[in-house]
Amino acid sequence: MTPTRTHTDILNAAGLTATDLAGGDLAVHSPIDGAEIARLRQTPAAQMPDIIARAQSAFKVWRSVPAPRRGELVRLLGEELRAAKDALGAVVTLEAGKITSEGLGEVQEMIDICDFAVGLSRQLYGLTIASERPGHRMMETWHPMGPTAVITAFNFPVAVWSWNTALALVCGNPVIWKPSEKTPLTALASMVAFQRALARFGDDAPEGLVQLVIGGPETGAALVESPAVAVVSATGSTRMGRIVGPKVAQRFGRSILELGGNNAMIVAPSADLDMAVRAIVFSAVGTAGQRCTSLRRLIVHNSIRAELVEKLKTAYATLPVGDPRDAGTLVGPLIDADSLARMLAALEQARAEGGQIYGGERCDAVAGGAYVTPAIADMPGQSAIVKTETFAPILYVMGYDTLEDAIDLQNDVPQGLSSCIFTLNLREAEAFLSAVGSDCGIANVNIGPSGAEIGGAFGGEKETGGGRESGSDAWKAYMRRATNTINYSAQLPLAQGVKFDI
Amino acid sequence: MTPTRTHTDILNAAGLTATDLAGGDLAVHSPIDGAEIARLRQTPAAQMPDIIARAQSAFKVWRSVPAPRRGELVRLLGEELRAAKDALGAVVTLEAGKITSEGLGEVQEMIDICDFAVGLSRQLYGLTIASERPGHRMMETWHPMGPTAVITAFNFPVAVWSWNTALALVCGNPVIWKPSEKTPLTALASMVAFQRALARFGDDAPEGLVQLVIGGPETGAALVESPAVAVVSATGSTRMGRIVGPKVAQRFGRSILELGGNNAMIVAPSADLDMAVRAIVFSAVGTAGQRCTSLRRLIVHNSIRAELVEKLKTAYATLPVGDPRDAGTLVGPLIDADSLARMLAALEQARAEGGQIYGGERCDAVAGGAYVTPAIADMPGQSAIVKTETFAPILYVMGYDTLEDAIDLQNDVPQGLSSCIFTLNLREAEAFLSAVGSDCGIANVNIGPSGAEIGGAFGGEKETGGGRESGSDAWKAYMRRATNTINYSAQLPLAQGVKFDI
Amino acid sequence: MTPTRTHTDILNAAGLTATDLAGGDLAVHSPIDGAEIARLRQTPAAQMPDIIARAQSAFKVWRSVPAPRRGELVRLLGEELRAAKDALGAVVTLEAGKITSEGLGEVQEMIDICDFAVGLSRQLYGLTIASERPGHRMMETWHPMGPTAVITAFNFPVAVWSWNTALALVCGNPVIWKPSEKTPLTALASMVAFQRALARFGDDAPEGLVQLVIGGPETGAALVESPAVAVVSATGSTRMGRIVGPKVAQRFGRSILELGGNNAMIVAPSADLDMAVRAIVFSAVGTAGQRCTSLRRLIVHNSIRAELVEKLKTAYATLPVGDPRDAGTLVGPLIDADSLARMLAALEQARAEGGQIYGGERCDAVAGGAYVTPAIADMPGQSAIVKTETFAPILYVMGYDTLEDAIDLQNDVPQGLSSCIFTLNLREAEAFLSAVGSDCGIANVNIGPSGAEIGGAFGGEKETGGGRESGSDAWKAYMRRATNTINYSAQLPLAQGVKFDI
Amino acid sequence: MTPTRTHTDILNAAGLTATDLAGGDLAVHSPIDGAEIARLRQTPAAQMPDIIARAQSAFKVWRSVPAPRRGELVRLLGEELRAAKDALGAVVTLEAGKITSEGLGEVQEMIDICDFAVGLSRQLYGLTIASERPGHRMMETWHPMGPTAVITAFNFPVAVWSWNTALALVCGNPVIWKPSEKTPLTALASMVAFQRALARFGDDAPEGLVQLVIGGPETGAALVESPAVAVVSATGSTRMGRIVGPKVAQRFGRSILELGGNNAMIVAPSADLDMAVRAIVFSAVGTAGQRCTSLRRLIVHNSIRAELVEKLKTAYATLPVGDPRDAGTLVGPLIDADSLARMLAALEQARAEGGQIYGGERCDAVAGGAYVTPAIADMPGQSAIVKTETFAPILYVMGYDTLEDAIDLQNDVPQGLSSCIFTLNLREAEAFLSAVGSDCGIANVNIGPSGAEIGGAFGGEKETGGGRESGSDAWKAYMRRATNTINYSAQLPLAQGVKFDI
């Protein structure tokens, strides 16, 4: 089935007008066919101070709006996203190249986090704590931090924004959003939904509560370097994080970094192989291997290695690569030609390091797009290229003999985002999840490394950057903690029994 | 009463032998009289890699020792500290110049955190979380991070180590401790107590579990820059933090920074003035104004300003400055002559900025020590010197008319550690503790800014560095969080309803 | 303004049809005018076993539906309640006699708890816990309990149901609802909204998930006594609780009891009297004094007693008593003539015990309704009638000299639901909230005892029954806790170091 | 090895004097040899009101002692128990008949809970909660409940007391302890240790903080029925709980019931059979089958049933039954002859219901004691006797074919305390732990049902009584929760947007 809606139809359906889409110098292309679909106005560098100042002013107001009332805005945003789900999903597909189901799934993730954040808005729990002094009360309260920059990447052009924004808003922080230069249209379309929510919400929301800035690294730098931006949540490459982290640290700001992943699956002898195959294929080729949590390394027990690789090749052989809008497509285009070039170079290096490559061939599903068949690289060991994150559908396969070896391989990369094991053996599964198991922020059993639910905290250590977003107590990253002691007695005892009588 | 024990008596009583105290090139002086009390061997730079490697090896073992068993070691440490309380307190007094009660209070703080950490050792609670997928279970587990560097300052030469070490050990991390070059003897004496605990603990503890390194900035740098040091907990100046933070961030390590404080008290018209005076004096002159939480700024309602300043002058006039070992002394020496020079320079600047100075005069309580009478600087406003943390007993006084103004003054400094208000007015107290109140990590009512209990989290935002230590969930800084999803079904549903059927 | 809609219009607008409203033998009257507004079919006793069995069957299905999916049903219920807010609020007014604003507020409370429960549906947090044994993992998981009976009272005919049902559903429990015989129509109307949500939700919900039973004590007894009803949540009188509690205890079921309150306010000398007066009037006469949290006892400092009583009399003098549908009305009818008789008898007793009565006069705002002017009973002390909960707008006033006396008076009644203090004095406020202060489940400062937010846990000790509903971790009452230890090692160590080698 | 210490030696070593042990009419016998070892004075019924009043007075003082200070008393108790471990363990063995290792293990459990409670004493965390109203703050605080009765059973004569007492004390509650009439001496000996701790603790502890009462059911009834006893924690039979629960409920007190268990193990085909055998034997015959968590039902997959039963018979054949003081003994005496008679009667019934009995023969290891060889009853199904808890070493064996059947068998008894599965299959283990798995309060994998760590909550649903003791948040049962809203604004907004303007 060939989609019949034009690119413009899709953008219009999401509320973007001709005025929105033209008049600037940032050319936006669809990875589907390489067509230019908009020329956007970028935010002039000179405006950044005003934008940040506006966020600061908004903060002074928003922090005093009760959190459950702030939650109501997020609830309305959730309603608007529900209403716009199809339209917004289609823009994700158009601009990021995701297949339809994944585009919709991304919007669903926005909706889910809104629901979750609404619940949080009546929680934001601190602690009351037993004090050692008579007539004293202790507690811990959480207060908003201030303006929050959200810097997002092309591969989750809207979900990551929503994770941050739903929480930041409920926590009392204004947001300044800098989307990837490759996916500003999904950002604009999301802001349309947000504006609708805002209009229904009424007067409690200050002007400048959520602002969108469009631009490149210097726009990001303005946010990263401003002492008035209390929190910088940045998703992207380790290279980017290595710049952002120290800069924010130097000005004693707070950063939430979600950087590279080089995610592995261990397949143990007892694994349900059919399930494993399905999980591997989805994790490795879904979103054309461009998820932070995409499966990149397969560590398979030597006793089943040959069989598993064979099954994978069979599965890969029939994977429909093509226009992501087509119902049958499972593998859409890479984001752009550079990305494809990096993939092909990586495969070249893998070959040089002894790998047997299967797939990884350029194909011309749609003219103008960077389409490629997903690749399997059967490797003699965890060589340099395997330890490198290449944002493309390459699956490196390695063998192992003991679980300890497998875990060593899993952990012996600089990144620490996601990981999993397929096994039906309880001892193996538990060992993998234990202190001596996976060193990743996400460690799963019998599901792939990607596709986290929003109820858990998302992120990882090492070069992944250490940030956590979404569920659990990730909201604390958007707030500051105050430890309070209240003396309601008429005495002044000192802690630790210190005596000091003047 | 003149102390009759010699410096050597005191050191010996804490278990330090002649061998410990001689043979090196780091001269240690007592601030009491400037006497050299030891010449310590410094850790050669060349040994640092081995020391770090030993910590890594220890980590591989210690992380598998069950946490309650790890807690047993900390419990034994607590017992040893109880037994050595007097001896260790005396070394604190000797080497850091604290009065006896404060020296003992610091050891008590070590004991308290051990008790607390023992309790934690059966908790380290993560969450189990409801999953959106049938036949799936989610949970969040916390695992040890790895070797933890603890870099401490002279003013709390042992308590801060114990905060970090008790938690790090229970959490499963080995520790490498670099004390201030000014207070290595308290560190050695604490290690004696730790070794006793270790001996009683038995075989489960690996070699190299807690290591002491003695040296200057380059020793610290070796820890800060090593990718094998998972956590760097550093207490000291903002200047130091501005170096450490970015360096650790660049290698994606984790830092816990406890840096400068410029702590204020607001005194409202309804305050119990007698209590306020006592609290002010203790907070401002205790530890000779050398606590991170020392009171430095007094923001007093104009209606009571004159009266309060008068009362303070009266109180200051009789403050016994002198040998900290004497029972009657409340103000001991500054740590060294440089410190005194910086204080006098600050007073000079305050005078230049329009301040009326009271006190701040050098006195020769004990020859060789840097003794000074605490100073009150009645200021026309929050000028540059007031916004600067000078680690000495200077109290800047400013007036205010409305609570909003007072809070603005309180917040308008780069530091964010501790703060308090004295008021009997509920609305004022609550406003001060609210989102529009103090921006500090510690905000108290009717007690001074210093003297936190170990049950709360200690630390603050802005130039204070953002770290949290001691109570509440500060232990999480020593662990990594893993989000786990376990699929025990025979199906492979995807989150957010994504469909991907191969 | 006279309402122009007929009773039937109102019921129809809420989705109730003529068939619903006729054909039975339970006559339902509006307290507004005493008119019979329906004749409902009661649930035959013989059907109760089937109904309970249906709930059990539903439980087997519902407990396996993932909690976030269960939350989706509650989210849809919230949407339906939003859509039906006016219609449902009007039925509350018609059937329970609440003024319009309170009728709407009650529906808003239903909406709020749905939002909150949706958030909970991705939480239901248990703990992971550090184990003392190597190769062991401990955790705590929460599972649904089973069928939950919800027995509600006339005064919150729908909100209390929603508190219980939103949580029970999210937790995995089916619900059987027995509303008060006086307010079955609001129950029917709420079920209409629920059925709409169910229809949108789709197939995951089993038949019999929420069932309504209509009847008297024997219907309730069938639920209370059935071992198949895992949880009994009952709101009503202490007399009822004294029957229900032991019966459920005898069969080892779980009960959540929300029983009597005899709620007090202490007014201290520093109180903002204007605020206090407004709070007192709302708390004492709102819902015609028929809230569980209605203010019944005023404990006022003797220095301001006369002034405060005078202000109250002035305020009471102009309180508009009348048809609750009229925009200006603040005091609607009592639920029925019996209630009025009990009020008048209580006033008689108060008089006999030395009270000076103001107000408390029957009036005929609308023919057929039990209208009365709210009463103030200025008492010489806390006599027998003051310790008795009379469900009507009587405010007993007593004086005090010291805060300790005031707190003693506050606590010296058998009930323990809600309480408050009006004071601007921090020490008094904190003392009131401390371990030596109020013994109630709710203790407020500068707001009245009624009108709790859903984010907190609602309930109290003593004759109030000890249950907690709504926010915080009240959800745990609907679940059972399992402590799990998983041994994934090949060893079998025993806890506490026990040796047992066979 | 024959013990050389006399009974009196053992009692004296634990601090019990001749005066303690004589002069009363309660004869205490050792189950080892039936010898009378003391004649204790019982608490006269007439004294109970005074004792309860003393606890109430103590409560007024103790609740105001800061919790960390209360924790210090518990810490000292832990130290005294460490010092008295051998002596107290020997009394447990003497009076309850436990083998030496188990006697010591029980004291270790007392020590562990003290450590844990000390940590809690700086926590007792409530929540701070986001309020929906501007200028309002919400929090949840926990306050002591009041006098706590602890009624313990013979089989854990001291550990259960310590669980309750360590928590109750830290929470601020005085304790009145009524031990089993069969084991009052361990209680006296524990009180000796407590008195030592008290003496070291100093003046903060009020008189009557922990009181011991000795007597039978009427002594217990005095506690159960007194409205002044806020909490009743009772461990014992379901029969007892069915009396206590309703009585406490009727007076709106709080009960913590730890009643019967009928604990099962499922052994799946993949189980590590050697581990399973060891776990079964320890769980079934440890403490002579007299633990609440003793294994009573073995549900074994039919494919391995014969093999497993054979292995068990082999293991049972060599189990050393005898004097519990002997180093080699694993099975000591039953508590008394009645207990033995009940065991034999149960075996008789099992036989009548089709069971094949192995073991269960009376033996005369030590004259005067009730010694018996542990029994295996291979049953055709879960007949009546299997569903009955007999407090003796009988292990009923049943077969199963599907895990679902096994779980149905596991759950199809009235009790709900402990349970476990032995399997290496992840899916089976997780299913067993899930909402459709075991309905017990304790559900383990690859360890037996007994021997819980104190870090988890201990207890279960159904006829087990629903109480939870020891770890996790079990401390909440000793405290009351207060939900506080503080309005620090000058406005009086109502929740849920209700308008009520007078």
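In this document, chain identifiers A, B, C and D correspond to the written order of the chains, with residue numbering beginning at 1 in each.
Going forward, a contact is a pair of C-beta atoms (placed from the backbone, for glycine too) under 8 Å apart; a residue touches a chain by one contact, two chains touch by 3 or more.
Bear in mind the structure is a predicted one, so any value in this text is a computation, not a measurement.
Engineer: Compute the centre of every chain as the mean of its C-alpha atoms, then state which one is farthest from the centre of chain A.
Structural biologist: D
Engineer: So chain A and chain B: same face meeting same face, with over half the numbers shared, or different?
Structural biologist: Counting shared over all numbers used gives more than one half: same.
Engineer: At what distance in angstrom does the C-alpha mean of chain C lie from that of chain B?
Structural biologist: Comparing mean C-alpha positions, chain C is 48 Å from chain B.
Engineer: Per the centroid of Cα atoms for each chain, what is the distance between chain A and chain B, given in Å?
Structural biologist: 36
Engineer: Centre to centre, by mean C-alpha position, how many angstrom separate chain A and chain C?
Structural biologist: The answer is 42 Å.
Engineer: Among the residues of chain A, pick out those that touch two or more other chains and give their numbers.
Structural biologist: 64, 68, 112, 122-123, 127, 129-133, 136-137, 140-141, 426-427, 429, 433-434, 445-446, 453-455, 471, 486, 488, 490
Engineer: Mind pulling up the chain B residues that touch chain D in the complex?
Structural biologist: Residues 68, 71, 75, 112, 115-120, 122-123, 137, 426-427, 429-431, 433-434, 453-455, 471, 486, 488-490.
Engineer: Can you tell me which positions in chain B touch chain C when the two form their complex?
Structural biologist: Chain B residues touching chain C: 64-69, 121-134, 136-137, 139-142, 423-427, 429, 445-446.
Engineer: Tell me, which parts of chain B touch chain A in their complex?
Structural biologist: So the residues of chain B in touch with chain A come to 63-64, 101-102, 104-106, 108-109, 112, 127, 129-133, 136, 138, 140-141, 143-145, 172, 241-242, 245-250, 252, 254-255, 272, 275, 277-279, 281-282, 286, 315, 318-319, 330, 429, 433-436, 438-447, 451-458, 461-466, 468, 471-472, 480-488, 490, 492, 494-500, 502.
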